[in-house]
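Structures given as structure tokens follow.
Below, chain A partners chain B and then partners chain C, in two separate complexes.
Showing the complex of A and B:
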């Protein structure tokens, strides 16, 4: 018994000190993060509002039913789900490709590669507001930079105000985050032993063969990380939509639906938090299912390349 | 690496003319792609700088060309109009207070978990890992903050210090409430736990034998030793708070409480067509981050990506 009561940093009452000092951190974590996170499922079955003092009633699956099947709103919602998936596919594939290309180029021993690397990462630290406003200026119709370039090419577009707005947001999203993908790839490339490349070069491997047979398999962990992060990140991303296009039906993604319905922002006057909770559970399930599917693919790939 | 550098000229000598040519061609291709990307990255920034140096009529006449003169007034006017000093102050308060509290609390969670000094350390760590896959907490969190006054004891005590009636909105639209939102970060905690595991346990033992108390050990011995991990975690957390927009739009309704991100969006709503001023405002928001980035680049890049790479 005495042995148990004696800990490294003191006996008697003092042995509770680690617990005492651990409590605030864990407490905040449970109350502010884990608890609310789990409670989202509960709220999705109620008619909770964002207004104080109104009673909260249990409504069963009404919110989900309304979200998917009732009226014009549900059609908008399903469009939003579709758009979210399209956004995920485009961003994941393109950002992966651009990031990889950047990493390969910057990883060569070229003069100034550090400058390029620094530059490509800059948007990551700037945040959605600065990223968005910068591109709003760049894509300004009526004589903005991109409009001028379009003019030279004899093209015309309304950019963020037109039907192609969604694709411009995809572009900005990739621009903003490709630097991150690049850095993850670079970290992976630095772990590839130099001897491997050398041996392959001695055997007469050229650029493409070297990449296909040495770099790519060796890069497996970074490839998988980027693949997973891009999928999950792009499913949840919607801040740039908020800054670039605001609340319009033609660019609405699922994350934005949650925010707009739950907090009565532009375009809707409701504070329907039960409904919004249901929408966020739908988004969560989407992330879970696709994340797990991606994880399955990734694990198989790892087994194939790394044994 | 150096081996590779040395062997390079040799290869050129041994090889026929084709390899050298191929290398030169590849260099040209690489540079052209890099420069094309660079234009894409510098372009928007350059346009922002140019717009900020034009007068409004000049901007409407020629939005893309070089500015005729240097119109510095945009900066001073934007600074005054946008209530910038207030926003900047708020952003600083939120970032510094929340990051400090978070880091100190997290070290006291991470240390006993890493060492197994508390029972259930393993499950506790799992709880942090699992959180990365839980649904978003947005809505219940809002309810919690809004109804904070109804919480027995804690709510009563807290609001007894504040003016009468303030419990009506709970911690909604208060600085305290906003800071509470940023006191957790599972990835940060996991990074700390992993790093502390690499610090030899004998250190704790000899310190304890010498009669060093638990809290003193953590503050004076452990913290300096885990400085790289602390820097990483501070960077992740601080940049997240500084750039936060969604929570700022949800929770803060009075302009006095706006952080700079939200303030900038409001400014855009009012002066959206006055691009020179807006551009000046955006540049002023960017500036502190860019300077920090230049100086702490290594920490910032490793900080923002370490969760991804280690995880």
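Showing the complex of A and C:
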């Protein structure tokens, strides 16, 4: 233990105080996060149903085998994985861009920017059910607001009931979460010393040059945070799909497959929480691998810009 | 979060025994010494109200009851509960109303946690039993609940005898026990017909597919809509087409067996015809506005009077013609309910396919068993049940009950001829590994959602997905 650490943690019995203070939080984390995650991995090798009274049998890799290789079901699962990845790419890129744009706009010293800042953030606090209900009403064919706008343009769409349903969910997901992305960017922008911009302006930098050479590099922590949060959030998203499109084969994402299999939502099917646990482990691995890859990229970027 | 959700439930289910035998638990308790069957001494008011919730000696406690959302039924049950509480001052009914789609999850969690006493265990009777010709399939969830010991065997209860044998056998029995008290049959192979509108445009009630197509053309030509359904919920689209499936495959159980044994195929001649008609139904007959309507909203929209047909379950008759004391408003046009005329042969269009609907079940180990039994006994009183069936528009499962309303008059001739059959989807179980398109009973929705634009392609996909589960 270094002298600095001894100073930090004190001497004698006092050195245990930090650990005691940490214990509730660590314990909560172990019980509520680590423990269930390990147990889910365990259940993925069983035929658990979630029903008290039914035995739980070890089935080895059967659930994974069924998920990935058995019959046309594996094709459907692969489709769901691909759809999940497409959703991630679209949401990450577009939400990132929209959030950044909103942050730039509300960061201007313009009249009413505080009002817009609040308005842009409001969807974040609504929750998936309210968000879904609002958009179901907004996208209602047969006289709904968007249907009316389409009518003015001579267009027709079934919106959430048609082949474009997936992309409407992408839109709603972005609408629902871009406010949070904006707040993270905004926080980053407000930490940039005004002197940097002023000095660059004195040197004759244009608006674009200011953004490219001053704001963007200084935003690196916020960029990286948003990048990672958008990837992870979009991979885990499924509730909006449930609320907006419900029972639709062509919009199933991996998170929805987990829910449907685990909770008997596949029409007349059984409770298959062992299989659902296997699917959720697949989703976890997807998040882990993509999250780590993204983290590697953003860490390198951070070193490049900030040293 | 998803990991946590799954795990929490598994852990709850597999954790400590969390015994529900403890009458001192927070579920409330009962000191009842004995419960008398209310079916023997019930009374009924002149208007057939639900005041037959006769007091049973010394009942007290809280009874947690769970039902699914169905406006006329919820209204009726709330009224029944109030009467039951009034007749039993020590009793409180804690009623939960949930969406039908959430029933499996709610039963899974609440029964495992000992958090419900009387529940609607399914809305499909004891459907989809595993048949001898099926291999490597998972049992339906109601069977899992019974195998887990979560439902009480009601055999021997006096009130069970109030229901007809078929309802007990087909709608609630398993492995020698009676685990669900089925409350009624419903047909979803029919459609409501706006007789006033057809009369206005000079069209007879269609009896064949060709007549239906022609009727739709005429109706739409006159500026009205042909059909509506709850497209926003998805499932009403394919449920609305169950009649089409049924009229083309009158032997519904045989169709499922044929698929498993290879004697039938979704892409054979009859299957192709089915998909072609699905496409017409989904893309040409249903109004555009249907996509924005939920299941309950669709029938309200139909009541506006400018749509000729509403293919849906007969349970919606309770919304078309609500009980006198209901908050719902009745349809202001003359209507009837007919089997969906999906076949070219009118005789094939005279069968009502359907299911056993919801059934009461009692949680094994409930701390208020006597109260639960008294509740079911009061409900099963013939007069009370008759009122229930007429309010909810279930085709009765008590032999003494009759539907005395427009729906009853419409379907009575069909029922007298024994033309009620358990439908295809109550038999269908896809083989493990079958794809998401294997259940062509849902084919109409595929066209509606734009998943397929070509009937032959959809039929081939359905058959390929089914065969994939058979190892084909």
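The rule is short, and it goes like this: the second predicted complex is superposed on the first by the 271 of 307 C-alpha atoms of A that agree within 3 Å, B and C clash if a C-alpha of one lies under 4 Å from a C-alpha of the other, contacts with A are read in each partner's own complex, and residues count from 1 in each chain.
Basically, a residue touches a chain if its C-beta (ideal position, glycine included) is under 8 Å from a C-beta of that chain, and two chains touch if they have at least 3 such contacts.
Note that the structure is a prediction, hence the values are computed from the model and not measured.
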{"item": "First, second, both or neither for A:26, with chain B first and chain C second", "value": "first"}
{"item": "Which partner, chain B or chain C, touches more chain A residues", "value": "B"}
{"item": "Partner chain in contact with A:150 - chain B first, chain C second, else both or neither", "value": "neither"}
{"item": "Which superposed partner A:183 touches (first chain B, second chain C, both, neither)", "value": "first"}
{"item": "Partner chain in contact with A:165 - chain B first, chain C second, else both or neither", "value": "second"}
{"item": "Which of chain B and chain C A:305 touches, first, second, both or neither", "value": "neither"}
{"item": "Which superposed partner A:37 touches (first chain B, second chain C, both, neither)", "value": "both"}
{"item": "Touched partner set for A:211, first chain B, second chain C, both or neither", "value": "neither"}
{"item": "Chain B versus chain C as contact partner of A:248, first or second or both or neither", "value": "second"}
{"item": "Which of chain B and chain C A:262 touches, first, second, both or neither", "value": "both"}
{"item": "Touching both chain B and chain C, residues of chain A", "value": "32-33, 36-37, 39-40, 43, 48, 50, 52, 140, 142-144, 236, 258-259, 262-263, 265, 273, 276-277, 280, 283-284"}
{"item": "Residues of chain A that touch chain B when the two form their complex", "value": "7-10, 14, 17-19, 21-22, 24-26, 28-29, 31-43, 48, 50, 52, 101-102, 105-106, 108-110, 113, 116, 118-130, 133-135, 137-138, 140, 142-145, 148, 175, 180, 183-184, 187, 194, 197-198, 201, 206-207, 222, 225, 229, 236, 239, 242-243, 258-259, 262-263, 265, 273, 276-277, 280-281, 283-284, 288, 291"}
{"item": "Chain C contact footprint on chain A (complex, rising order)", "value": "32-33, 36-37, 39-40, 43, 48-54, 56, 66, 70-76, 136, 139-144, 147, 156, 158-163, 165, 236, 238, 245-250, 252, 255, 258-259, 262-265, 267-273, 276-277, 280, 283-284"}
{"item": "Chain C - residues contacting chain A, complex", "value": "1-14, 17-18, 101, 104-105, 108-109, 111-113, 124, 127-128, 138-141, 144-145, 147-150, 231-235, 287-293, 425, 428-429, 431-439, 445-446, 448-451, 464-465, 468-469, 471"}
{"item": "Residue ranges of chain B touching chain A (in the complex, touch as defined)", "value": "1, 3-5, 7, 11, 22, 26-27, 30-31, 33-34, 37-38, 40-45, 47-48, 51, 62-64, 105-106, 108-109, 111-112, 117-118, 124, 127-128, 131, 133-144, 146-147, 168-170, 180-181, 183-184, 186, 189, 204-205, 208, 212-215, 217-218, 239, 242-246, 249-250, 261, 264-265, 268, 275, 278-279, 282, 285-286, 289-290, 293, 297, 300-301, 304-305, 308-309, 311"}
